[in-house]
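Note that chain A is present in both complexes that follow, paired respectively with chain B and with chain C.
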Partner chain A sequence: MTTKPLLEISQLQMHFFTDKGVVRAVDGIDLTVNEGEVVGLVGESGCGKSVTSLSIMGLVPSPPGKIVGGSIKFAGRELTTMSKKELRKIRGNEISMIFQEPMTSLNPVFTIGNQMVEAIRLHTDMSKKEAQERARDMLNKVGIARADILTAYPHELSGGMRQRVMIAMAMSLGPRLLIADEPTTALDVTIQAQILDLMRTLNQESQTAILLITHDLGVVAEMCDRVVVMYAGQVVEETDNRSLFRNSHHPYTQGLLKSIPKLSKQRSKRLYSIKGNVPNPRNMPQGCRFAPRCDFAMDICHQKMPDLVEVAPGHQTRCWLHVKGEGEVDLGSSRSTTQCS
Partner chain B sequence: MIAYTIRRLLMLIPVLIGMSIITFSIIHALPGDPARAVLGERASAEQIAEVRESMGLDKPIYVQYFNYIGKLLQGDLGRSYITGREIAPELFTYLMATFELAIAAMLIAVFFGVNLGILSAWRQNSWVDYSAMMIALIGVSMPVFWLGLMEQWLFAQELGWLPSSSRLDARTMFEPITGLYVIDSIITGNWAVLGDAIRHLILPAVALGTIPMAIIARMTRSSMLEVMRSDYIRTARAKGLSEFWVIYKHTLKNAFIPVLTVVGLQTGILLGGAVLTETIFSWPGIGRYLYDAITSRDYQIIQSGILVVATIFVLINLIVDLLYAMIDPRIKYGRE
Partner chain C sequence: MSIGPSPNTAPDSTLNKSELEEEMVENQFRDLLRSFIRHRSAVIGGAIVLFFILIALAAPLIAPYDYKAVNENIRLSSPSPEHWLGTDDMGRDIFSRIVYGARISLWVGFVAVSGSIVVGSLLGLIAGFYGGWRDVLISRIFDILLAFPSILLAIAIVAMLGPSLENALIAIAIINIPTFGRLMRSRVLSIKEEDYILAARAMGMKNGRILFQHILPNSWTPIMVQGTLGFATAVIEAAALGFLGLGAQPPDPEWGKMLADARPYIQTAPWTMIFPGLAIMMTVLGFNLLGDGLRDIMDPRMKQ
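And now, the complex of A and B:
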């Protein structure tokens, strides 16, 4: 596998300016996806996973959303300053996206064929016939062999089928990056496995890199090469698949791992859950954002935000426990992302 | 689609029968003797008996009804006892004049209403949105007669740009075919008449179309805003489609479904409301025809006119339902 970076997000800040105040949905994120790699983006509901992915696509509703800082580079090109027209050429073509809600992600009043052909013809100069051929090929690849699929309307298909259509549509132009925002959350377990299998096959066959957003660590274990853990708009840990499960450093990541239900455990034992709730995004804690819920919180944790530091090659974490000379402020290496709020 | 259309057409039959019974009984529900109503208070007994016979009033009521229906099916609406003329051809001419006016008004209303609504939704909460909605608010609150009179004063009297009454210039000679002058002049390639007909149409059509335009604009705006938030619009954008296609293809087709209901309702209301506009602009339409019939108590005409107008309402409803099925694939396949 090459390690050429395809997508490089650095210090991205994406805020929502609402009537009730500023929501710092994404607050200084760094994230890299290399060519052909599968990267997992995990975290609790509301931590900013979807907003991050929509920012890459330039699809955050604006207003109220606005990128206020940082950069998103795709294959060397800066996306945040690109004109809308140029961005549209990349969208759906080089970067494509599938969403969490297969039931509502297809337009109910157009046929599957119409919606697929439209995307193909937009980015190529294929004739209608050729585009239909391509659409049919892609649908075959994702396991839909129905002869009349191109003339079917979304309401005639099941959720799993619709998600397959979405994948076929997203893959029909051979994108270099596929962003999948919780692609299986709304589907039942067997369909879920099929869809994940399909995505893995596509990744291996066509070397499409995948940014897989999920809150299911089981899915991460199955699919991902590397994992980025988000908490309250920030990256708190980043590592490869193996060390995530064997050697995670951040108490939040450890908490997430402990919350996975295990079949072998006695049934009577209550499932572990991280105490407390995600902080209100309009009123973030001053120090480490996880501190109020952390079992190991020290004084410094409540006062100052830790930086993301490398604890091993390719393994970074944002936690005072892992800063040199534990618990002391190491001003020397401060690449501060702290903001006064 | 064809099966659905046939089913819907069959469902019309009982409705039409019901309507014919109601209009038939109008004459019979009147207090006193229709023959006397026709002849006036001072008619002699013989005269009345004669008229009763000629009206078929001496026969049993169900025989009268079937006679009435039988003639109706042949397009025979009888004669007016007051003018002595055949009603059907006369009614047809007036009806077509109203159609032409109503269609023009509705085209204006839909075109401007829908685009104003789209513009508003697209630039929600901007000055564009506020001005468009201000126009819509003024539009709904403006009385038709006042707007009509202002138009006449400004564009006909002061500026002299457009004629203020009737369908054609008095000097224009023209033999109508369908009775829709715009269509007729196109069929016959008579461009001078086409221009004249359109010039005469503009002012009354704008007067009549303004309220529906405003209502359609508001409906389109709210419907567009709702659809724009949906997941499939996000998908459309994620494909890289331009804003124009996202709005005019993906959003509008969905947003148009509730707008269509309003268009249907407004078309009905517009036909009813045409009488004011027709009076102000001396437009020889069905509204004025019926108005005159009511003032002269021409029950024969009133009866036929009501039946025809009611049938048109029902047909508009049918057309709207068929359009629904065309736009929204989920309807067609619905179980009976």
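And now, the complex of A and C:
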């Protein structure tokens, strides 16, 4: 696997200018996806995951959304300043996207074949017949072998089938990057596993990089090479899959991990939950955005925003506990108590 | 789902596009026809409408007399074997006039409704899809048009253009534009937020393509239903303008005009008024029943 960066987001700020004030939905995100890599983008609802993905595609409605700073580079090209026309050539062709709701992501009045052929012919010179062949191939690849699938309407298919169709459609032009926005959230668990398997296989076969947006750490564990954890519009931790589960540093990540139910634990014990709520995006805390909910918050946490610091090669975290000279003293104790078993 | 694949829809990969499309359309059509036949008032309405359409088409074959032929000797004669529905104040055969009048009424309805559908939908699409100043401009124009009582506005327009059937038609088309425009706008507003529109954008589609390929096909059902109901309104409005002498000019056998001409004889020769009135009522009833039926049938929630 090459480690050439395919998508480089640096200091991206996507703000929404509303009547009630500015919502800083994405506030200085750094995110890199290398070629052929699967990167997980994790965080709770409203933390800016989806806005990040839509920003990459240039699909955030504007107004009210506006990129106020930072850059998004795809294969060396800057997407934020690109013309609409150029961006359209990239969308669906080099970067494609699948969405959370397979039930509503297909146009109800057209057949599957119709929609796939349209998507393919949008970016290629294929004849209808060739495009149909391609569509059938892709549908076979995602495990739909029904002979009449091309003439079926979306409402005749189940959710899992529709998500397969969406994946087939997204992969039919051999994109270099696939953005999957919670692709399995709306599906039941057995179908989830099948869809994840399918995406894994496609990633390995075609070397398509995947940016997987999810709030499900189980999905992350199964799929991702690297993980970026977001909280309130910022990256709070970035690391590889293994150290996320073994050796996470940020109290938020640790909290997320602790709130996963475990089979081994006694049932009588209440499941851990992170106290409090996500801060109001119009009125962010002054210091660290997680400080009001953090078990380890110190004075400095309420006053100053910590920077992302490297705690190990390829492992960054945004927490005063890990800033040299600030949280040093607490580091030892906090580690031992917050280590997730 | 009961409308799953039927046995004859198992195409192999050699099936070409046109066959696929044919099959698709056929399937859709069959489903629609089936639910149509099940809907009683739609069938009744459809039958009435069909009846009037046939009459209009076959008018020269059906009408026993020339609708313009004046005969002073048989003025205001009551219904008889020679003149089934009697004669009017100029001795013209009322049955023949009603038969020919069907042509005028249906023609007015068809042209006026098509005109307002095309213009209204287009404006509604633009207003709903692009929003911003276009929406403000178009919506305010609709509001202004709706602020007038429609018949008053139609009278004003005809008064400006001069009384004739064509001008009445234009007036009726104009006053119905906001109905279709606002309907379309509201459909577009909700459909443009759908996931499949976002997905279409994510595929790199242009606005125009999204608008006409994805939004329009998803919003035309209510327009069609409203169009059928609008047909009835247009027939009434044409009759009203005719009654006021602003629509069809003599000797054209327009139903509203026939009513107006019959007014002095309502007591002495009621048939001169009853039959044109009945014709108007039946046509309007037919289109209303059909429109209501179509609304039920096309409602996506009614589909299995």
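We take it that the second predicted complex is superposed on the first by the 326 of 341 C-alpha atoms of A that agree within 3 Å, B and C clash if a C-alpha of one lies under 4 Å from a C-alpha of the other, contacts with A are read in each partner's own complex, and residues count from 1 in each chain.
Keep this in mind: contacts are C-beta pairs under 8 Å (C-beta built on N, C-alpha and C of every residue); 3 or more make two chains touch, one makes a residue touch a chain.
The shown structure was predicted, so the numbers you read here are calculated from the model rather than taken from an experiment.
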Query raised in the report: Aligned on chain A, chain B and chain C: do they clash or fit?
Result: clash
Query raised in the report: Looking at the overlay, what does A:M171 touch: chain B (first), chain C (second), both, or neither?
Result: neither
Requested in this report: With the two complexes superposed on chain A, say which partner A:I210 touches: chain B (first), chain C (second), both, or neither.
Outcome: neither
Query raised in the report: Given the touch rule stated above, what does A:L139 touch, chain B (first), chain C (second), both, or neither?
Result: neither
Query raised in the report: Of the partners chain B and chain C, which touch A:A147 in the superposed model: first, second, both, neither?
Result: second
Report summary line: Chosen between chain B and chain C, the partner touching more chain A residues is C
Query raised in the report: In the superposed arrangement, which partner chain does A:L41 touch: chain B (first), chain C (second), both, or neither?
Result: neither
Report task. Figure out whether A:E101 sits in contact with chain B (first) or chain C (second), or with both, or with neither. Result -> both
Requested in this report: Considering only touches as defined above, state whether A:R91 meets chain B (first), chain C (second), both or neither.
Outcome: both
**Report entry** Residues on chain A lying within both footprints (that of chain B and that of chain C)
**Finding:** 57, 59, 88-93, 96-97, 99, 101, 104-111, 118-119, 122-123, 155-156, 166, 169
Requested in this report: Would you mind writing out the residues of chain B in touch with chain A in their complex?
Outcome: 230-232, 234-242, 250, 253-254, 327-330, 333
**Report entry** Residue ranges of chain A touching chain C (in the complex, touch as defined)
**Finding:** 57, 59, 87-93, 96-97, 99, 101, 104-111, 113-114, 117-119, 122-123, 128-129, 132-133, 136, 147-148, 150-152, 155-156, 166, 169
Query raised in the report: Which positions of chain A touch chain B when the two form their complex?
Result: 57, 59, 88-93, 96-97, 99, 101, 104-111, 118-119, 122-123, 153, 155-156, 166, 169
Report summary line: In the complex, chain C touches chain A at residues 1, 3-5, 9-13, 16-17, 20, 23-24, 27, 194-196, 198-206, 213-214, 217-218, 300, 303
